[in-house]
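In the two complexes below, subunit A is the common chain; its partner is subunit B in one and subunit C in the other.
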Partner chain A sequence: MTANPPASKVAHFTMKNGLEVVVIPDHRAPVVTHMVWYRNGAADDPQGKSGIAHFLEHLMFKGTALHPKGAFSEYVASVGGHENAFTGPDFTAYFQQVAKEHLRTCMAFEADRMTGLVLTDDVVAPERDVVLEERRMHCDTDPGAQLGEAVQATLFTHHPYGVPIIGWGHEIEGLGREDALAYYHRFYTPENAILVVAGDAAPEETLKLAEETYGKVPARGAAPVRVRPAEPPTVADRLVTVRDQKVQQPNWQRHWLVPSCRTAAPGEPEALDVLGHLIGGGQTSVLYRELVIEEKLAVSAWAYYHGTALDQSRFIANATPAPGVTLETLDKAFDRVLAKFLADGVDEAALERAKTRLVADAVYARDSQSDLARWYGSSLALGQTIRDVEEWPARIDAVDAKAVLDAARKWLDRRPAVTGHLLPLDAEAA
Partner chain B sequence: MLKHPAAPSSQSAVNVRTFVTPRGLTVWLVESYAVPVVSLEFAMRGGAAQDDPAKAGVGMMLASLLDEGAGDLDSQAFQRALDEKAIEISFRNDREHMAGRVRTLAKNLDRAAELLRLALNAPRFDEEPFLRVREHANARLRHDVNDPGSVAARSWRAGAFPGHPYGQPAEGTLETLAAIERADIAAAAARRIARDRLVIAVVGAIDEDGAAALVDKAFADLPARADLAPIPAATFSGLGRTDVVTLDVPQSTIRFGRPGLTRDDPDFIASLVAAHVLGGHGNMTSRLFREVREKRGLAYTVFGAFYALDHGGFFYGGTTTKNERAKESFDVSAAEIRDVAVNGLGEEELEKGKTYLIGSYPLRFDTSAKIASQLAQIQLEGRAPDWLVERNRLIGAVSLADVKRAAARAFGDGALFTTVVGKPEGF
Partner chain C sequence: MTANPPASKVAHFTMKNGLEVVVIPDHRAPVVTHMVWYRNGAADDPQGKSGIAHFLEHLMFKGTALHPKGAFSEYVASVGGHENAFTGPDFTAYFQQVAKEHLRTCMAFEADRMTGLVLTDDVVAPERDVVLEERRMHCDTDPGAQLGEAVQATLFTHHPYGVPIIGWGHEIEGLGREDALAYYHRFYTPENAILVVAGDAAPEETLKLAEETYGKVPARGAAPVRVRPAEPPTVADRLVTVRDQKVQQPNWQRHWLVPSCRTAAPGEPEALDVLGHLIGGGQTSVLYRELVIEEKLAVSAWAYYHGTALDQSRFIANATPAPGVTLETLDKAFDRVLAKFLADGVDEAALERAKTRLVADAVYARDSQSDLARWYGSSLALGQTIRDVEEWPARIDAVDAKAVLDAARKWLDRRPAVTGHLLPLDAEAA
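Entry: the complex of A and B
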């Protein structure tokens, strides 16, 4: 099998003020996706101010000295564009998708709010309530999400990945205008940002537009340095249980600390990607066949390697038990399946299928300008290069059975992990 | 002054060609070679509305079982065959259709066509996947039992359309799924999978001959006619009523709605424009977004939109707010709805709404899969390919008087049927 070559020439520049620019041409439709990524996320929230990165992302829609609240959104809507923003542990991104003739105006608005944000208490207070409602909706009303937060907080005992992106409720309540502005002034700088334009845009012309807009943002000197406490070595297995009267369908999960695409040895992230797919990617995976089809202990089972992180990351397995099957049974069943996988070795045909699937994903992604913009943007925000992105299919293709087994032995097999149990309130104690 | 008056372009978002295959099937095709990928989307009328109420969920089970073994391939062999070539085939069942989609690398097109043919023409419905798929569906239902959003949607639907298929849960219940046997799945397949109410769209690195071969291989040997039960017109119940479902959570999930216009109503398009300005999905400048979220911080999400089904149209919206302020959130939303019902829209917001709806239309066509999905939907609505231009022309032509008349007809006196899940104060 040969990996597919990159779709087109992706251009990459760095402007005088330090702003990186990536242009991903795709001329099928006269539309562009315009994104700005900042190399900071929830894991860069100051101690005691959890949720500030995400809260600021909301507040970035509240206007600047030049453009009053709502002017940017009104403009995007008036030209039929889509817009939004999102916050991750390691990055924050803002985007608009518009007809190509509106690219320059979007750039001007976005460049303006890199430095021009104006916040008053009368917009900050209601928006804080909005974030608290967001938290209630996505977490406080959902025992499964509450277990997810508890597992994450247990897996990362020291590193801020253990804190939810949206923040803890009691700390969100205390976030104010000054917190948001302090965070904004620290991180929203050209040196800390990446501009990504995908779609009907030519590289040189796009760079020219960027010079006319983002080029006016003064350099601030060096990019801000992210200082995060490192996670200490793990020695303890931990079980985290959420019991809630709303739960009628229990759930089982296990999380391991594993290296990310930035902290792993060469080849290791790809081996973990393939391992995740072999163990838990779809119905032909080892976990699904053993737990769901053969032993009938679960009604679904999957696993996944989350490699896109700046610091040490996670490998996750998840199963929904069949009626009458205890979560302790799944604890043991998972160990048995993993041991069997290691003893039997990797089925070569299954390995080929996993690699085919992963490599095809890179081709399918080329069908979507916004997917490509997100792929390149997130990779660069994590400090990877264009070349890293474009050579990913070839690196997947190079993964062999030994690399997969080595990764499983090194990172999963009898390694300390956090197991999560979601149970009804009246379930028998473990 | 508006900088961007609504000026619908006469250009189509995509270049669609329609043709009839040698075996007589109509295909909408968009040829594009920039990426070596082919997407196919199809839909057959039928869907959950055809489920026997005592066996609600049978259509969902059918759609879930089509990729679980066909022809000589048992479930595992079929799934491996997909994986070997990274071919994606999936089926789903909504209220009125069973639909499916295929995505494949162009080089694997023949294999994709063969697997789709097998799934549609020779599904096995073996005992093992039948039991497994049902257990999985049961687990989803158990998960949703106390999920506020699921409870609210289920309860609202049942209250708005009692006794009508639209009020039935498409995903079934633990009781109805238990009543379904393998023979029911096979019988549903025999009645519903047919050529006569089928729409197909193909997009990507494929020409007309290739698309014809793909489509004929997969669909041409299906039975000529489906055997569907007639569905009565859906009448709306519960206007003016609020049902509270108590659930021990800190936030109330509110869902509200009322009857809407049908797709063939001359005021339908104008009613869509009114709803977009009122609370369109993703519209960060809508009235509900501004009043409920921005001004008062009452909710993270708030929306309202018209849904046109084949046997009735309705307005459906909602928001989620902490229990203490749930009533305020509902009252603010209901007041905005009443205002649009009585006063229609202002000139500037109408123009902005129209410009957005016209200008954003091309964004629905930015990937092969989305283009195929849009083209299938347009066919299901009974439109011709010129709808790609006509839609925007009609929106551009909506006047203040049109929108006022349409809003008055669609929103009436603004009365709503409402479901609130949580521990809301003030209801």
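Entry: the complex of A and C
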């Protein structure tokens, strides 16, 4: 299956102030998805100010010189739309989905808050408490999240990907109005942003609306520069264990540092994608078949390549042990399954199935207007091109058995990794 | 044994330009130790510029506007003296030991290079290669050093103590003249320095010499500010394993984050010092007795509290397994020995012996002029006072069994730690 969707339909402009504009026409319904992506995320938080990207994302809803707090959100709700925002390690994005006639107003609101944000200590302090509570609820009291944070910090000891997106609690506590404004003024600029409009919108007409709204935002002259230390190589295997009485279901995981779509050699991200799917994508995958069905050591098992990153990224394997099976047993079982996969080689039919599934998932993603907008937005925010996005199915299709095995040998086999063990308090040491 | 050495003899001045001066008279021989300590070390390296403190220490021998490269070192050698320099996480120091009549000239040289350093790419590039070779020799090809670096990076995932003093190789490669000069101008100032003169030197006369030499260095107005992110708390135990064919002798180690002399509650650093000595100081210690003599699981075993740090520090236990003993066995044996120590309580005679030994070691240190100068210099560089140094024996003497057990329970027992395993390539997974 080779999907070649209507590539030529996607329009890409760069406005005079540096703002990139991507229009993805989809006329099935009179609805548009309007997104603005900033090329900065949690990994760009200044040292000692972790959480500022995410905190500012919250604060972006606190009003501007022109629009009081809540006005934008109320407008979106009043026209039956919905909105959201998210902060990743490499980008921050804001979106609304509304009937097409409201696109211009959303653009005007979003353009206004690119420069007009007003912050007072009155709104900053309570919002910081909201974030701290979010951290307490979702990180500090959840053993699975605690393991995730510890694994990530162990995998990335030097690069800021090791710091949670929400930030470390003691640093969030120190974030104030000045920090938020300094970060805002550094990164929220037209040169650093990408406007993505997907839906019932014609490219030229959308560009005209963008000129009338975002076009008013003055250029800064250049995009801000991101500076991130690189992770040093290591020869050490690391095992991270969290034991907690709240753990009902133990979990096993292994994480490797691998190149991302931005740092890999040509063809390698696709080989890693296919490798992830072959060994750990669904119930026909090698891990599921061996660990769950054949050996009955696990009740679930999956693997995944996280290619969407600006810098070095992760390949992850995960399994939930069957009752009575120790995580040490899973450590060894995974090694055995990987060695067998490398020895047996890739089954051609399975390879074709994996590639078909990956491409099909991508095609289905195109059915969701907001998923499609996300795909383009995140890719462009990482420095990829429209063409990179559109040629992805063909690149997946070109992956052969040798490329998959080469990737597995190069990046997984005997490479130092971080293994995570989640256990109840009374479990035998695994 | 309560040592109360001639405290009042140590003189402490602050010069007009902010330079602190400490004179430690010792008239047994007509020799002086002359040291300058800067309150910056590897943990103050800017993000992405790891190794710059240590690299600059090398470059400080490359000559000034007044004195060509090598002139200072040649002078010291020509008068039969010796010199050295060292970079720690929290300070950098330069010292010479010479006959007393050469003190003034050493002061003049050292004062000159506080501001007069001249660097050209001609000297910077080859010296960077020297440092890179030092790194390759001592870190990258030594499995024990690789384990040490990986353990340290796992213990300090956020605080810069996780970065090796020499720096990460890929960052050293990027260090240039501009980086070195920027760092030099930021930190090499009289306000940031401490002059320590130990030996056959009278305080007032020494101060006069310092005024004539260091007194010429203009004040900058304020000491530079150190900003370091703090390590977040974790609930995860971590095991770091290095396997290498070069390993002849496996090694087991455990590291805990504990407060330093600067961050601990009053009395706690001394309790941790005594705890370290009781459980792991020499052949009468608990670990040696249990693991080496009784259980015969190890051929060596020791523990140590590293209190000399500006920020959070480490408590370390280390053992070399007896032939045929796995490191997993040592993991469990250590837990058992610690639990037994906590259950049995502290033997009063052993406690007295440990305190006597710690204080005696300190008294013997006073016999070595350079050790004494180092002790005062490093303490003052961490923000402690002369009085803190001189009252240390009395504070050790005041540690009781309860304080030791409290420290062990609070900082070691069931606290998340980083365990290190060093193994030959063919060893059974431990």
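In this section, the second predicted complex is superposed on the first by the 422 of 430 C-alpha atoms of A that agree within 3 Å, B and C clash if a C-alpha of one lies under 4 Å from a C-alpha of the other, contacts with A are read in each partner's own complex, and residues count from 1 in each chain.
Rule of thumb we're sticking to: contacts are C-beta pairs under 8 Å (C-beta built on N, C-alpha and C of every residue); 3 or more make two chains touch, one makes a residue touch a chain.
Fair warning: this is a prediction, and the values are worked out from it, not measured in the lab.
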Of the partners subunit B and subunit C, which touch A:Lys410 in the superposed model: first, second, both, neither?
neither
Counting residues of subunit A touched by each of subunit B and subunit C, the higher count belongs to B
Counting only touches as set out at the top, which of subunit B and subunit C does A:Asp142 meet: first, second, both, neither?
first
Name the contact category of A:Lys216: first (subunit B only), second (subunit C only), both, or neither.
neither
Where does A:Glu171 make contact in the superposed view: on subunit B (first), on subunit C (second), on both, or on neither?
second
In the superposed arrangement, which partner chain does A:Val227 touch: subunit B (first), subunit C (second), both, or neither?
second
Going by the contact rule set out at the top, does A:Lys246 touch subunit B (first), subunit C (second), both, or neither?
first
Of the two partner chains, subunit B (first) and subunit C (second), which one does A:His306 touch, if any: first, second, both, or neither?
neither
Just to be sure I follow: which residues of subunit A are touched by subunit B in one complex and then by subunit C in the other one?
none
Subunit B to subunit A touching residues, read off their complex
2-4, 13-14, 32, 34-37, 39, 75-76, 79-80, 83-86, 103, 105, 128, 132, 135-136, 138-140, 142-143, 145-148, 204, 247-251, 253, 282-285, 293-301, 320-322, 352, 355-363, 365-369, 422
Help me check something: in the complex, which residues belonging to subunit A touch subunit B?
4, 7, 26-31, 61, 70, 73-74, 77-84, 97, 99, 125-134, 136-137, 140-142, 144, 245-249, 282-284, 289, 292-293, 299-300, 320, 322-323, 352-354, 356-357, 359-361, 363-364, 366-371
Subunit A touches which residues of subunit C in the complex?
47-48, 50, 143, 146-147, 149-151, 153-154, 157-158, 162-163, 168-171, 227-230, 232, 234-244, 331-332, 429
